[in-house]
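Before I ask anything, let me first share the structure, which is written out below as structure tokens.
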Amino acid sequence: MYELRKVDKKFPGVHALKAIDFKIGRGEIVGLVGENGAGKSTLMKVIYGAYQPDGGDITIDGTKVRFQNPRQAMDHGIGMVFQEQSLITNLTVMENIFLGFEQQFVSFGVINWKAMSAAAKAQLAKVKLDIDPATITSSLSFAQRQLVELAKVLTLEERVDGDLVILLDEPTSVLAREEVELLFSLVRDLTSRASFIFVSHRMDEVLELSDRIYVMKDGEVVDVVGHDEADVDSIQHKMVGRDVDKEYYREQKQKPYQADAPPLVSFENVSAGTRYQNISFDLHPGEVLCLVGTEGSGREAILRTIFGLEAPSEGKVSLKGRVMSRFTAQNAVSLGVGYTPRERKVEGIVGGMNVYENMTLSQMRNYANRGGVLRISAEKDLAREWIDRLAIKTPDVYKDCGGLSGGNQQKVVLAKWRSGGSDIILLDHPTRGLDIGAKEDVYDMVREMSDDGVGIVLVADTLEEAIGLSHTIIVLKDGIAQKQFACEPGNKPSLFDLVHHMI
Amino acid sequence: MGTVLTRELLVKWAPLIVLIVLILFFAAMEPRFFSMRNFARIGISSAPALMVAIGVTFIIIMGSIDLSMEGTVSVCAVIFAFAFIAWGGTLASVAWLALPLALVVGGIVGLINGLVHVKLKIPSFMASLAMGFVGTGFALLLTGGDRIRVEDELFRGLLTTRWFGFPIMCYVAVAFLLIAWFIQTRTTLGRNFYAVGGGEDLAHASGLNVNRVRVMGFALAGVFYAVGALLAVGRIGIAETATGSNFMFVSITSVVVGGTALWGGIGGVWNTLIGVLIVNVINNGMVVIGLPGYVQDGVLGALVIAAVVLSTDRKSVTFVK
Amino acid sequence: MSFIKKYIEQETINRRNFLLAGAYGLGGVAATSMFGPGMARAALTDPAVAWSYRNRTNPYWNEIVSGGEAFVESLGKSKDFLTHLINEGSSEKSLADVKAILAKTNGNLALAIDTNDAPNARPVVEAVAAAGGFVSTLWNKTDDLHPWDFGDNYVSHMSWSDEGPAEQTARILLEAMGGKGGVVHLGGIASNNPAIERLNGLKNALKDYPDVELLAAEPADWDTQKANQVMSAFLTRYGDEITGVHCANDTIAYGVLEALRAEGIDDMPIVSYDGNPQAVELVAQGKILATVFTNPHWGGGITAALAYHAAIGTFKPSDEPHEHREFYGPTVFITPEDAKEFKANFIESVPTYDWTDFWGPSNGQIMYK
Amino acid sequence: MDFERIKPHLPWITLLALVVIVGIADANFLRPQNLIAMAADIVPLFIMALGMTFAIYIGGIDLSAQSVANMTTVVATIALPTYGVGTALICILAGFVLGGLSGYVTTKLFVPSFISTLAIGGIAFSTAQWLSGQRALFMDATLRDNTFGWMTGNTAGIPHEIFIGAFLVLATYFLQSRTTFGRALKAVGAGEPAAVASGLNVTRIKIMAFALSGLLAAIAGLLFSVKLSGGSPTLANGFLLPAIVAVLVGGTPLTGGVGGVINTLIGTLIVAVIRSSMLYFEIDATKQQMVFGLVLIAAIALTIDRTKLRVVK
């Protein structure tokens, strides 16, 4: 019913979409996969009306349409559930649901809150969420917010005659596994009312949910696979255009860590308010320690404590044998802690600053004389060295980091810490939003650092990643350590082992 | 959970608590401060400021800022006075039409302000600052520097006629405060201000015409500036190019002191009422307790900082610019 | 006693001499250009005339400028011949504007200026002198700066000694109060010289009225709205203790009157300063007991005239005595008895002044304390 | 011609265009002495704008600059007879401390800089009034010439203010582009969370930016005080808005991390040219302010680089 024919989109210097053919039938769930830069997001923007194609046709039930903006697309039943949390947190749930479409509840210029609340209740029922529509959104959990977003898009049902097409852009990225299950069953239920386009980096989820999968590469659809004939390897092969290493997580490169060496980080019965309690562990040189748990289980708070952003309320934290008393990021950095945050664009790199400026940001002292005057040529040399070493794709060292792709930004962040000699690296979702090639680069770097005797604390994007990469896993639930696993290659815990303790 | 709620509640009510503490303090220092007649005086000085501050509150909730109020107030005051006198000079004649005219003029000036900001894609700080110059300049061009006296007893009744101890202008201000509250809570436009302030790109992606909301916001602010202009003229009986002066910093300070955040999305017109009262109570109280003139600016500054510190939820703010 | 009468008489006499004086002026120009090599060196031909002042939003400055315009019209030129430099209360802009116009005119300039803040007078005068222009100042200058230190280029300085007149209005006020009770003073911008002098005038008068208490003196920044608020607060603090109000100028008095009006008080004795038309009207109605007219129209015109005539060589400033280089401007008291007469003569019909009678209405050489 | 490539150069192209337009109207404007004199006169304002640049560069604003300068004129005048050249040090220190106080209130107490600097400005203004006894003061001319005569002198026809301005712009440019502090400022302005996550002491950097703004405002006040040979709590009035306008017109928007001191140099000159153009075009007195506002809108519309503004608020 919804179809793109030979849709083309060009940007200055980039041919983003090359004659794309795309089709979705009534009640169908279509997966869309591809590496970053393959054109997925451009395609989605064309579908929901944020971009206008340069060539080709869009038809709905055979009728040609052209959308000037998302609003017009919505009027044709096309809605988008955004990757980033797209609810406005200072508004109530019902206001978010009907944002931009309040007019139906307005009589004589006055909003009828009661009517809106009732209508919102009905929408929330569709996604089986039982909350007061007058709740301020900021007090909801991430999973609840995701469902509210879905409910918001589903308002199209009442507004639009005809069929709905709903785009789900990485809807699972902030969800725990059981929440993902809930979402999926919901989506399957809803196929009676709408078709879905599902975009995710988590290949297993795409395979699980989709009826058909479009595989994109370099702005083209390289294959369309049905649910039954799809398998991860062949799809990844098509996406990347080369063989994906069987040993995806570089298990074969995992070497034992230096368990006898003095620990780099040591927690002794550390608690931080309600975030986590009574946590103890040692991080040794060369060790990859993974904190596993659901969102809010205390993983991030522990990272923040090590980096000095959050002072613990009780217990003893030592870095390299020194008991910490003042918790500041400056302190941690000077002791060799490096932090690769999840919000790469916000906390990782400074958009607007170029490659070498970003790389030396944490270690400017090393590139300046005592008066604080920078040796810029030395900075550039450093940047060139690491651009080569990590194969960072950038035209030169003057490139604004905000304009680099996600994987290259991540490499810049890692280069920043590695080149500064940090030997305690905190990785918070280091592969989030990266395509397969870039992920593998990150995995390689993790092994490389581990070999160099760097201690790594990891909060992984997926459980597989956690299992594959780590020497040690600590499972957390509600801020309390549930179980610790040793993960020698060949003798790793299973997914089930972990999930069992997480929930 | 209990403790968290108390803290949130405390932060929410902090401006009001500050206001009460200030009133008690000044009353303790000088009992005459605490009298009906003095409250009426504070009311008189607050009324025009409140209208201007409410106007800019909407803009600040959107996360923008408006610095054009001095110009807009002057233009509205001057055009009102010219029209009022030309059409008869008393409310008992058709000259009353000058009142709605002033509001329309305010709306138009605000509209232009918003269009300059949105269409030329100039940040509101700069656009409205420059528009403020244009407004003041235009008022000057109209008057040539002269003052226009508005002597009509009926119009001056705003100041001279009292109900229950307060002059009519206070009731007019309260009426418009209620209208503003109504707009804030019960109309789409009012709610959309919060949406834009809470997340502009998100609001845009939800199909909200953000630019339209912005332009409408500036126009609405202009209307409230016009009300402020009318009350200012009613208070002094003179319309001049300088009618608008000193409104800019005072009104924005009041809004922030009341607990509306400059980064948008939080606060509202009741906060602004409290903020305006805090600033005017301080100004009145300092004179009443006999503080020397030359320390008043400094004391006001220190108290403003204290008030904002108390009403900021520091746990929810990561950084401030 | 009527100050007005005396003043008007004086002016009328001067007007009779107008033709004569005008002829002398023209003759003077002709004489210099033909015969006077000594003067010709200093003289300019057809200099630009500029007035630099604070702003257009204040009736006082509007009066000043109307005098300047009347002067250029008396030269047979259009009003637009006068260049307006408006500093908006910024000494920095004031100085920059002067420099700019000196550059534009190559120093062929007759400048009348109030430099906004006293310290700004020196650099302004220095700049004008260096460029070969001619300048006359009004109001603001520091005490160590004198026209005679700059040869001919710094033509003159006119100011008003406000202490005496302010003392006199204060006496009128204190008499009206019956010599007892409490008085409040609302002043100008605290650091402005006239503001200081006008308050001193009140204090001097109070010495003779021991039963009157000066309850408070607060700056109201020459601003109607601020005066309104300060007066409101005074009413709270002192209530009925206030039996008289001394205002530093008329615009302050308007704010005070409105504050009183809001309280239903309409018989409070008030005096003010400046003699703006609206204030004169209020004096005529008895709402203000007295104000002091400083004839800004004449002051604005004569300041420009002095600079202009010195520039074209009508007279040589360095030949003039000190009392012609630094002098006080005229002050005229306006009380309810003579307000009507004053209004008729000065407001409803602006007198035609003889702009070459530079020192006629002036009030003697400036004295420094 | 690719418009994207011209964009970064728009500020100085605008300046050049304005100069040419005024020059066509009146060739007198283009005389070197005039241009030099104009540049020299704008120096105090420029110095304040330089300081303001740092506050705006990190995404804040400094509304206390004018009051700090006012206070400095008083301090300078009072201190001159006792401390001689040391007066300069006292003034600079006073500005630095007040600016630092603004920074402290902004960063540690979470008061937006718009309010905190306004409030600190009130404190500075009160201090100035108290110190001056609420009257205009003047410096002894010989003492001034002996102590600070070098500030206002002339060498080869070039006023020394220009050298002072040039020195300060070079120094601040060096600070901005070649030092760790400058780099940290850029990081804080362009991406504060990332600066925190890189272990920078963001609080200290921000406080320093405001302190620097106060320091430069104090230098502006000192220079102005020497130039005018006196001090008064209102002497520097009228500096604030032109200084902010100069920074903004130069292309340092309020969103932080973009622009810099060179932009402010150009912006200040644009303001100076617009201001004197009023004279050259003989704009009627009652129209000047309106024309200024309109030209300002045009100039800002031309000079800001919108590609670096994520959201136009």
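Each chain carries a letter (A, B, C and D) given by its place in the written order, and its residues are counted from 1.
Here is the rule we use: contacts are C-beta pairs under 8 Å (C-beta built on N, C-alpha and C of every residue); 3 or more make two chains touch, one makes a residue touch a chain.
Only a predicted model underlies this, so the values are computations on that prediction, with no experimental measurement involved.
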(request) Moving only from a chain to one it touches, give the least number of moves from subunit C to subunit D. (result) 1
(message) According to the touch definition, list the chains common to the neighbour sets of subunit B and subunit D.
(response) A, C
(message) Quick check for the class: compute each chain's Cα centroid; which one is farthest from the centroid of subunit C?
(response) A
(request) For subunit A and subunit B, let me know how many angstrom lie between their CA-based centres, rounded off. (result) 44
(message) Quick check: how many Å separate the C-alpha centres of subunit B and subunit C?
(response) 36
(request) List the centre-to-centre spacing of subunit A and subunit C in whole Å, with centres computed as mean CA coordinates. (result) 73
(message) Two-or-more-chain contact residues of subunit B, please, as numbers and ranges.
(response) 140, 144-145, 293-294
(message) Quick check on subunit A: which residues sit in contact with 2+ other chains?
(response) none
(request) Enumerate the residues of subunit D that touch no fewer than two other chains. (result) 129, 134, 193, 196, 286, 288-289
(request) State which pairs of chains touch, listing all of them. (result) A-B, A-D, B-C, B-D, C-D
(request) Quick one: which bits of subunit C touch subunit D in the complex? Just the residue numbers, please. (result) 56, 65, 80, 83-93, 95-97, 99-101, 103-106, 117-120, 122-123, 142-144, 189-193, 196, 219
(message) Quick check: in the complex, which residue numbers of subunit B touch subunit A?
(response) 182, 186-188, 191-192, 194-195, 197-199, 202-203, 205-209, 265-266
(request) Spell out the part of subunit D that touches subunit B in their complex, as residue ranges. (result) 58-60, 63, 105-107, 109-116, 118-127, 129-130, 134, 192-193, 196, 202, 241, 244-245, 248, 253-256, 286-294, 296-297, 300-301, 304, 306, 309, 311-313
(message) If we count contacts the way the header does, which residues on subunit D are in touch with subunit A in the complex?
(response) 174, 178-181, 183-184, 186-187, 190-191, 193-201, 257-258, 308
(message) Per the contact definition, I'd like the list of subunit A residues that touch subunit B in the complex.
(response) 50, 69-71, 74, 80, 82, 86-91, 95-96, 99-103, 106, 109-111, 113, 152
